[in-house]
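Several structures are given next for inspection.
In the two assemblies presented below, chain A is common to both, partnered first by chain B and then by chain C.
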Partner chain A sequence: MSPDSRHLLEVDQLSTTFATPHGLLPAVSEVSFTLQEDETIGIVGESGSGKTVLARTIMGLQPMTNIQVEGSVLINGFQVVGASDPEKRKHWGTDVAMVFQDPMTSLNPVMRIGKQIDETLRVRLGMSRQSAKARAIELLTLVGIPSSTERYDAFPGELSGGMRQRVVIATALACSPKLLLADEPTTGLDVTIQAQILNLLGELQQRLHMSVVLITHDLGVVATRTSRLIVMYAGRVVEIGETRDIFAHHRMPYTRALLDSSPRISNPSHTRLLAIPGRPPNLLNLPNGCSFAPRCSFATDQCHNERPPLTPSSEPGHSFACWNPLPISTRSEMS
Partner chain B sequence: MIKYVARRVALLIGISFVISIGSFYLIHLLPGDPAVFILGTNDSPANRAILFKQLGLDRSIVTQYLIWIGHVLHGNLGISFISHNSVVSTIKAALPIDLEMIFLSQIVAFASAVPLAMRSARKPDGWLDRVLGAGSFTLLSVPPFIIIVLLVLFVSIKLGVANTGPASFVPLSQNFLVNLESLVLPSFTLSVGSFVVYYRVLRSDLIATLQEEFITMARSKGISARRIMWRHAFRPSSVALLGTAGVNIGGLLASGFVVQYLLAIPGLGYTLISAIDTSDYLLVQGIVLVVSVGVVFINFVFDFIINIVDPRISRE
Partner chain C sequence: MTSHVPLLSVRDLTVVFGSGSHAVSAVAGISFDIFPGETLGLVGESGCGKSTTGKALMKIVAPTSGSIELDGIDVTRQKGRALRNARSRMQMIFQDPISSLNPRRRIKDIVAEPLDCWKSVVGVERDDLVADLLNKVGIDPAIYGNRYARQFSGGQCQRISIARSLAMRPKLLICDEMVSALDVSVQAQILNLLQDLKEEYGLTLLFIAHDLAVVKNVSDRVAVMYLGKICEIGPADNLYHSPAHPYTKALLGAALEADPDSPVHGEVLQGEPPSPLDPPSGCRFRTRCPYATELCANEEPQPREIAPGHQVACHFPLVP
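Our next item is the complex of A and B:
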């Protein structure tokens, strides 16, 4: 990162803790990263690693009750942490928008899709009824919905999952946000549609000059579409760096395990995928040391007792949290 | 949608047919000879036989029903043996009073239940929600005849507000304002039960809807909490509310009877009770028919509204 490049998003020591009936649940702990204009960063991790909570905390969408947020999130200079809903509303949609995970539940089932898009335009940008409608139809065309003028009046239930996700994207893009948080935007879709949606997002990112945070559990998704990558485990960043460095020179055994568990085209067919043994830890009862230690084959006593800090690796901007990192020479089969 | 409505209309006609058989048969269940009833016990058997034939009572029951339903469909429910007035004209005079009471009560009930349910749902278990929860539950357990008696006692008698007490009813055609005054307490009484039901149904549905992902997405668009409540949460939460309202409005005819009787308001309920008192069976039959078909029709209308509100229902 050159020092004069502008940071659109600065996340600093961000922690989100839920107060549950069973105790405090640290869903996100001490996450820090920055994002420049026009950049796409990927966040990967298993289900339950805190990716969605992180995205919602960055946007400030979490409900206020039973939740404790610490640290700082600056979006285009606006401090999200501690801001009230009316303050955040001025930035939602225009500065930052979110593409939700499940297109089957994220659209209002009893509202015509066109109305869901032009509502944003009318309320946030003060557009007239006609120009908002015209713009909404434009947006539907932009995200690749055929015969968008007729589709404007459709209810979500009349569209397929892929089409609905396009509507979700169109809604998020309505006010040309500078930052787009895409929270597993293709998880609810079948594989052929997944690629279409991801390519669409990539194309739009370049055309509209957005910064994108792409959250996924699928490393294949982020490999070619992000410049940098964050690997999360149990609510913490365990490895961060340029995407190609993470794929080629990852140091954290968890990243290796994650890579080994994804299918690759380069492998011969019928290659057995390696499942990561064990389960993600119970966040209510985290181990003292490294959260991954109970599942890690390299774990030592130190790993079990002392939490590893993020340590810089040899490449610039690449850090990992591990006491017994993989040697630098380690190359994944990918490169 | 058209198919759905057509199916519903067919159902409406079918149910009305069954109701008509029921209310027709009601008269036949009554003991005694109608000729004796009309002519009195002192008339000659010959005269009775003539009347029996004139009334068509010598024909089969199916024929009798067909003749009767033919008249009903032409808007003729017969002429009362007691008052010698046409049943239809008696009902026409009484029904608007019920409709007005129900209309007023529903305006009060919806206008209070909807905003309060929204307030409650915004902060479930907040102080307002707790107060309303306890208050509505208390109100639910007070029957309308107690409410109206208490209201009359305090408002009409202790506070001395004019035109609100028993027997103060003035028809709408005579004086609009006095008519309104005379219906304030009974309409309010009817609204209490509706309010409690609507508030509780809408509150719980709103709380469920507000958890939905599409509400989070609507928030992420940066629109106001008020707009989210009205434009995004209210509509998908109002299906059960509308269904309940349909059933409830039908039921209001029944609780309306009690209130009308206590305040001597000459609506359908009051007329029905008087008709039963004087054994005016044709009038009873007419009112039962009109009320039953009315209840079915109201539910039909509400089903239709639900379909417009939630297009998912007719699509399935």
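Our next item is the complex of A and C:
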């Protein structure tokens, strides 16, 4: 463990490429970012932008074959890229844990929920049967499951989607991880349940001093709950910075397009949405230059031929990948 | 502009699945009107009966009781050819664009299917109409008409579904979560397209969705459903600005805005909706309502008008 690492998570030039029958598919390309202790970072993007593959690569959960991972992922000093499964298993649960999108399929349907939490505690922490059960009931209470002693014996099918996601969170938190990767934790849940789960995650993050990576397609989820934000498009980071800066002073036209095309409750009804034409590119056949250029109204020849690097903006920590960025503070007059 | 004779008039509609102790009232007696040219949004959480309402209007599921009048004709009493006739005047667009199209058919045949069923237009005229419909939804018939549905993305499939639904020139279009499976940039394209076609074809819409921002964006009026009942209905801007039902307020409070300055919801609705197998007595929302009293448990609140066109079913409506 390097003594000078103040960052809990350091991702450097990370690329994940799948070998498919149709050619190489670069799902994640040259992603770099760091995360401090107690910090929550958001990753937003549309489907196919590489958010989930990025999270799985950070976690070290990849298929064995037909995949190439380059770059580096340091979690608490541990190099995930290239580590063997037994090595990774040692730090799963205690250093890093993941909450998956679908609470219906991330639990074993024929195993009592208490046992699924127990398993982690007994295997990873070597707890006895009894103390694992006591701890599992404690965890169920922690994530807000009413009458947790009785629910310990419930099967996942007996619980609602929101309750199941609470169980998944309890399982992830069982060994007090320092880093929690939450991949679309509330997608598919109703708004009132979504609010409950997001509040729960926020509370737990503060109480347990975790760092959280919150991955979502919904800008509303990250707007008030993250300190920094990464916008991904076609496997690349196209903008990164403080969440407020990204919302108020984004420079990348794609970020603007994402914000403009989301309907808002604060707008009067029948507000015309500013839709962008086209759809995200096929990753098997990416354009040479900027991946967003074919849909971008500001695109020039340079955009089509040369890939823009991440360029620092005026605010600290804010970078964007664009040859023709939007002028600074374009939205400030609106808010 | 909307006229005062409703195009669709629904009275005391109930849909019960199963029987005896397993009977679930998915829709438990709802009444509403949709006027020509307007869009009525129907919002609620999963299991509240909004999709069942949409399907009952089309008689895809049989209504248990109540009446559904389209243009003065009670659809619930129609059978056979008369029912098919009525159905051609209302069309439905479903949530999953990919599974609502046959992957092994050419899209020009998918769009032509309703025309071929009715034999209303044939030959060259039919082909021209299909080409025109595909053009209207932004798909070039010359290039893509002969391709199969499986070759298209979700957003394009939803465009094809829209083209198919417009083939019979319906008066009423029922859109059931039609954009919820789409990415936000594609969603905006489809919502704008729907708005354009609504004006061009003079459509009346019932827009069913769970996303409050999407519903507000497309609707003139909005109805909020909870456990099979409508708890509030009113003009979209009014209802969102000053919700009168505690449930509407809670829903709006839980919704997330893409704005870092929006308030983080401190007070969140606790618990989950009760089972529709055994709904609470009186007001169905009372088990989660912060304002519930004994009256709410004993007596079911009836819809009453609190402002022009704004009705709420609550004993203690919130004052703006």
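Annotations
Please note the rule applied: the second predicted complex is superposed on the first by the 318 of 335 C-alpha atoms of A that agree within 3 Å, B and C clash if a C-alpha of one lies under 4 Å from a C-alpha of the other, contacts with A are read in each partner's own complex, and residues count from 1 in each chain.
Simple rule for what comes next: a residue touches a chain if its C-beta (ideal position, glycine included) is under 8 Å from a C-beta of that chain, and two chains touch if they have at least 3 such contacts.
Because the structure is predicted, anything quoted here is derived from the model rather than measured.
When chain B and chain C are set side by side, the one touching more residues of chain A is C.
Judged by the touch definition given at the top, the superposed model places A:Val191 against chain C, while chain B stays out of reach. Contacts of A:Pro263 after superposition: chain C is touched, whereas chain B is not reached. By the touch criterion defined above, A:Arg244 lies against chain C but remains apart from chain B after alignment on the C-alpha atoms of chain A.
In the superposition on chain A, A:Asp85 makes contact with chain B only, not with chain C.
After overlaying the two complexes on the shared chain, residue contacts for A:Met98 are found with chain B alone; chain C is out of touch. Using the contact criterion defined above for the overlaid structures, shared-chain residue A:Ala275 touches chain C, although it does not reach chain B. Of all residues in chain A, only 46-47, 160, 162-163, 190-196, 198-199, 217-221, 223-225, 243-244, 247-248, 257-277, 279-280, 335 touch chain C in the complex they form. Listed in rising order, the residues of chain B touching chain A in the complex are 212-214, 216-225, 227, 231-232, 235-236, 309-312, 315.
By the touch rule above, chain A contacts chain B in their complex via residues 59, 61, 85-86, 88-94, 97-98, 100, 102, 105-111, 119-120, 123-124, 155, 157-158, 168, 171-172, 174-175. On the side of chain C, the complex with chain A involves touching residues 45-46, 153, 155, 183-189, 191-192, 195, 210-214, 216-220, 236-237, 240, 250-262, 264-265, 268-270, 272.
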